[in-house]
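The two complexes that follow have chain A in common; it is paired with chain B in the first and with chain C in the second.
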Partner chain A sequence: MNHAPDMSKDVRPIATGRAAFCAAVVGALGLAAGVLFGLRDGWDVFFRSYLLNYTYVLSLALGALFFVMLQHLVRAGWSVSLRRLAELVAGTLPLLAVLFLPLLVPLLAGMPGVWEWASAEAVAHDASGLLRHKQPYLNVPFFIVRCVVCFAVWVGLARYFVRRSVAQDATGDVQLTVRMQWWSAPGMLLYGLTVTFFAIDALMSLNPHWYSTIFGVYFFSGSLVGFFALLALLVYFVQRAGRLTHAVTVEHYHDVGKLAFGFVVFWAYIAFSQYLLIWYANLPEETVWYQPRQGDAWWTGVSLLLLLGHFVAPFAALLSRWPKRRKGTLACAGAWLLFMHWLDLYYLVIPRAHGHGHEPAAPLHLTDVALLAGLAGVCVAAILRAMARQALLPERDPRLNEALSFENI
Partner chain B sequence: MSSAVREIDNTLDVPGQRAALITGGHDLGSLTDVACAPWEAPRPPRAWYIAFGLSLALLAVLGAMIGYLVLNGVGVWGLNNPTGWAFDITNFVFWVGIGHAGTLISAILFLFRQKWRTSINRFAEAMTIFAVVCAGVFPGIHVGRIWLAYWLAPLPNQMAMWPNFRSPLLWDVFAVGTYATVSMLFWYVGMIPDLATFRDRARSKWKQVVYGLLALGWTGSSRHWHRFERAYLILAALATPLVLSVHSVVSFDFAVSQLPGWHTTIFPPYFVAGAIFGGFAMVLTLAIPARELFGLKNIITPRHLDNMCKITLLTGSIVGYAYLLEFFTAWYSGNPYESFVFKARALGPYAWAYWTMIGCNVVAPQLFWFKAFRTRVWLILLVVMCVNIGMWFERFVIIVTSLSQDFLPSSWDYFRPTWVDLLTLAGSFGLFFTLFLLFCRYLPMVAMAEVKTVLPLTDPRAHPHPHVPATRAFDYNPDEFDPAATSNPRDAREERP
Partner chain C sequence: MNGASPANAGGPQRPGTGRGGPVLRGLLVEFDSPGALITAAERVRDAGYTRWDTHSPFPVHGIDAAMGIRPTRLPWIVLALGVIGCITGLALQWWTNAADARHFPWVPVHLQGYTFHVSGKPLFSLPANIPVIFEMTVLLAALGAVVGMLAMNNLPLHHRPLLALTRFKRATCDRFFVYVDAADPRFDPAGTPEFLATLGAAAIEPVEEVVDSGRLPRGLTIAGLFIVCLALLPPLLAAKARVSKSEQPRFNIIADMDNQERFKAQQAHALFADGRASRPPVAGTLARGDLRGDPHFYEGRVAGEFAATFPPQVQITEGSIRRGQQRFNIYCAPCHGLGGAGDGIVAQRALNLDTPGWVAPTSLLDPLVVERPVGHLFNTITNGIRTMPPYGDQIAEMDRWAIIAYVRTLERSQNARLEDVPAELRSELR
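Entry: the complex of A and B
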């Protein structure tokens, strides 16, 4: 080889100024358009759509946080060259904590928000009496307390791991790795509990009459599918921009593909477990959740699309070795799975039981698109800005050698 | 505990350097000698005879109890009107659960490139098969008319013996049957190179013939190895979903019903985590005495025990998470029957069993947060014994509490096991340990061929091979790094425009 490429270029931050600015503009325009649509279509539609798109971007960041902690927990070597990208995504959690605040506005202002249980009127008129029964848990102050705890844990963990990792770039201190390893185990415990209860609070309680013990795991499994899809896309674009071209090889793509495949199957397993058990027992208090999701042509279509697009197609596409080892193919699969993960949350958030005094809401609003662009734009801008500031590789991680020389057998 | 082999603490981890998985400075030859020693010794250690005698006695008890059951019918068990299922199904689920660790270690940890698995995978797989054998006894004998037990087998359906394809009990037959078949194949295929080693080292004619037949003509040629590794990878990939499917289907036995305490959506992953939890506890229970008795302390090192303790802690915490969510949801659901059952579990007539379960399954493994508990064999044994007990009680609590107090208070009754119940359970351990002890004596307990691949000796990084350029990225320093040396030749080949 007569021209040895320069490794230092590999780790150098990307000058993303313009791209970050564009993303921020898209984000701002999207949010503004969302508010305008909200004025037109009603705040009910706005907040539901905001919740959908917010949990979408949040789930990706939570998936990234999980990935980062997992790599420390198992002392992984192969993934070191990808870890900074995940840290960048997890680094949006403080921003996401701020972006959660709009969802609290209707709760504090006493407006009918997305959560039926928050309205005293709905509780009083609930014929089943279940909302009254659940009030010790489903009430506004306690909900806010739980949200504060969740975000404190996530922001705390994200900052801890990202800061230590970046600090190591400068010092190369091995003790930082030891300490992150130590914290990753209790971090996982906190993570598991907070993600579960957040999923119950924010998503499951949208239908406060319904319950499913597996719901937290369902949300978690989908988040990880979304994150690995995002990671495949992210590394693809970073390499296109001329970074990480040596530190990340097809071997890493292969492993990201395997993990995406694994979590696709895990998601399907969890979704199937929930569906089968509820279908089989056929208790009205449980089937009530599936009823609006299979009640009309649109939602039946969405359900089937999830089955085919979130499981069957990616299963077939990612089963073989070669699609995972072709960068473009894996990036395409990533883009598709990112869309499917959005559809999964759409399926969780938007449908609602008939006969609770709601107008039969249109299944898809322009607000959904606008707020997706808005929230994703803001987060992408934040990630790009961070990319411009720090190395894209934990270049002094003691296990970097293993990542650089890693090969799948 | 004392042993001639000195134990080296390899649990310390310096990031960037991987601790040695095999200690004692073994080379390929000495490793084979150590791994073959239990088989080549003219006599097994005295402790083996004692254990084998006890196991055989317990096995005889199992046989006697089954005979007594067949002669008298299931009335000899403590079953009563609401509790029509108790020890039989509890024991079945307990043993099937034990059988999960082996395949997890051999298949899932293989796919995750966990090299430490090589020291323990062989006997964990053997344990899996023996546990499934024990599990298989119970559905067979619980049918009452035992001479019709063959109806469980997948016979042609025109006899109308399977009226309900929607029954999870039928799915069980397929799930457990598939699992047993694939686990057996996986175990056997992995053992072929080691069986060939036994064949080659055998001194007596009959041993040469028997192990020669079992080794299927293995010569160790490159072609054999190539095919072997392919087959192993494919079997690992096939076995991986089975680890999840078997206990998921077992959980369906309960969860598809409408019985409070059984019908909850988290059952499938919760049962799988519980099975792995119980399975690892049993692997540790067997590994600790085995490494002492057969001088394998350099192969099953403190690091292996440490890792297994961590997996026990993880899966135990997942089980605790499931208990918590079940309890929370029982209240949250607002379903009075659901909340009644959970209150009855904690405070009702079976509270003793419930708190045994919580203490053993949730509290005890939390001790593994502390390294002191993961590195001292007696403490590990103490905790995993708790887990073994706790996981049996978990199934007992789920099954019996929900049945004995269902919707109609007039039909409630307290289940008391009879001596036949208790002795059948004890006897099943006899079957398990008899098979395991025979395995230790007559089959390669350590996957020699696989362990050799993780020896420091066979690591090209430790001893530069003439064909491996010494300038590979192993000495990476961000300031003076030559990326040309790391570029993977496969990149150029596989990356298409």
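Entry: the complex of A and C
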């Protein structure tokens, strides 16, 4: 198969000026509304909500970084037509490093409603003594050191892979591919360690009395579900805008659908592995995490919605071949899974164990929506701006032909 | 052989005609490029042949459509077996652990499950069942995929006349083949070679097979019989072992299992200062369920005196009195008699044998017993009296109280007044 005559239009950057501007405005308005809600209802609510929506957009960018490195690691040919889109998403990681800075405020202020262990008062009054015991690890300076390491690794990896890929558009140098392949292996090791530590530090330590050794994998599996959902949606809209119409075929959709399906099952496997062991052992120090999540009607409903919406429904919907090969259907599944991934993080971040920290005013606060619009708007604007500046396809990648003629058996 | 002439097909015969001679099994057509193979496949497909195949050294894109192969039905087999595995896993766990055998009296006992509580979990709880359900689903789905794939491809195929052809060996190297089976309903010994010759083939070769008598070779028969005889040896040895006796001690195949390194209750051991292997409970602790803090219920005493009333946790109902009757008839009636008059069969026999030292059981209807507080009776049952042994270890507290309630019922029945009889039944009294 040879689509060479059509390719020039396919890869042209999109003039996204207006869309990017709109996204930026939505982002700014969302952030401003979030701050106003914070002034009115207290900063605890604001920062919890910020953490939730921040980890949401961060997890999507981390999923993109994983996808880019994975393709280099296994020397995949089929995915070359999609790799630039993933690189665009991963390219937001430097921006996300800056957006992390507001979260240092509750940490340094020792607000007990966000990270309980950061508050000297909460540590002193902890009857179990566990917070004191965990202080050599859970203390503010060491936390900041770990975050700096994590973001240094992610920003470094994202810039390394995105820059070389874009540079290849101009030079066509095969050595760039060779070097990216070499670095993807140590990059993957660093990625696994940093994502695990970040998930433990930022999310699991919200309940500092509780621990789960599978927590890092849980966060990772959900991130990948979110990323593949985003990729399906992204490629759908890029094709609607008249780009990548020949470079990305139904075969690529099919594979994105397969990966989304695979990670949906992987997420369920990990989530159930964590649940089963804690449910079976029934030890108070472990069930304390599930207790607020199954304690009242709202959170029981959220848990069941996750079971049905994050696993059962997408499992049934994506099991067959044809839904993955119909672009509109796959894009709808992507939109649904993106929402489910947000709900998954909402389920991780917001509930609080009774007697720890402040009771939330309401399980779902307007701040949650405002900051979702804010942070997602800012990141979408950044992605759209990047789209306007560079080709949407690594057009001189040595494996591009393999991607163009790719067919599922 | 070369050329595409039908004469080279060597006098095609219908399969199965004539024993001992070569029989035509099909026709092999050779091509030298995948493009030619696809074009030829499309024409064979359009000619309506159904029992035919193509062979190539590598997967050729588009060959499925060219051959008219419909999407495989294998996923449905996998799905069906997956669902069966899921239901089997669920039903297995429900039947073995949660099904109440009383509702299935027609099932033989050795096929019934056994309710077994683990960690205080419900007998049937989905979280605990999911791993087994999951494994059964995956197992049956995977077996369905493998076995279904083999079955739908007619595999394993032990013998194929096609493989005897030297020409066909290049199918794994650099040649492309169409093979049309002679069993195809459209196969015509004269017309088919002619049609295949129009496909632009590099060569056409008939696939023939010499059919022999169909009898098994003698060597194979002897080897089979020998293996059957060998297979009979282990059951024969087992049968001999079942009837013969030996003075020798048995073999310890796994010595650790027959002689385990463990301590038995009351065994001595030098490690501890008190010389016992079993450890007493830590001072100031009690095992679960061993706390007997309520003297009224557990000893029948209130403030040191025998209690005159039943403890509050004992509910006197018809059900509890029937329970007491049942326990009484088991534990008490052999000596005290079913009516409580002290004339049970044990007492009668002891009287007949004139056993020395025998103290006749008290009649429970005796005014002495009737006037005793219930706590006194409880104490007697628990600790025994004279030749009556203590029953505290055999009858649970609640049952002891139920027995006492039944004894009180017996006493009342033997000392009933007219007012105790319901008004409508009084006329029946003479």
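Heads up, the rule we're going with is that the second predicted complex is superposed on the first by the 396 of 409 C-alpha atoms of A that agree within 3 Å, B and C clash if a C-alpha of one lies under 4 Å from a C-alpha of the other, contacts with A are read in each partner's own complex, and residues count from 1 in each chain.
The rule is short, and it goes like this: contacts are C-beta pairs under 8 Å (C-beta built on N, C-alpha and C of every residue); 3 or more make two chains touch, one makes a residue touch a chain.
Keep in mind that this is a model prediction, so the values were computed, not measured.
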| chain C versus chain B on the shared chain A, clash or fit after superposition | clash
| field | Superposition-derived comparison: chain B or chain C, residues of chain A touched | value | B
| query | So, does A:407 touch the first partner chain B, the second partner chain C, both, or neither? | reply | both
| request: Return first, second, both or neither, reflecting whether A:182 touches chain B, chain C, both chains, or no partner chain. | output: neither
| First (chain B), second (chain C), both or neither touched by A:274 | first
| Contacts of A:193 with chain B and chain C, given as first, second, both or neither | first
| task | Could you say whether A:211 touches chain B, chain C, both of them, or neither, answering first, second, both or neither? | result | first
| query | Which partner does A:133 contact after superposing on A: first (chain B), second (chain C), both, neither? | reply | first
| query | Where on chain A do chain B and chain C both make contact? | reply | 276, 280, 407, 409
| Touching chain B in the complex: which residues of chain A? | 1, 4-8, 10-11, 75, 78, 128-130, 133-134, 137, 174, 177-178, 181, 185, 189, 192-193, 196, 211-217, 246, 249-251, 258, 265, 269-270, 273-274, 276-278, 280-281, 283, 285, 322, 325-327, 395-401, 404-405, 407, 409
| request: Would you tell me which residues of chain C are touching chain A in their complex? | output: 59, 61, 75, 119-121, 127-128, 130-131
| message | Can you tell me which positions in chain B touch chain A when the two form their complex? | response | 13-17, 111, 113, 166, 229, 241, 244, 248, 252, 255-258, 263-269, 317, 321-322, 325-326, 329, 332-335, 369, 472-476, 478, 481-484, 486-488, 490-491, 494-496
| query | Considering the complex alone, what residue numbers of chain A touch chain C? | reply | 272, 275-276, 279-280, 282, 320-321, 407, 409
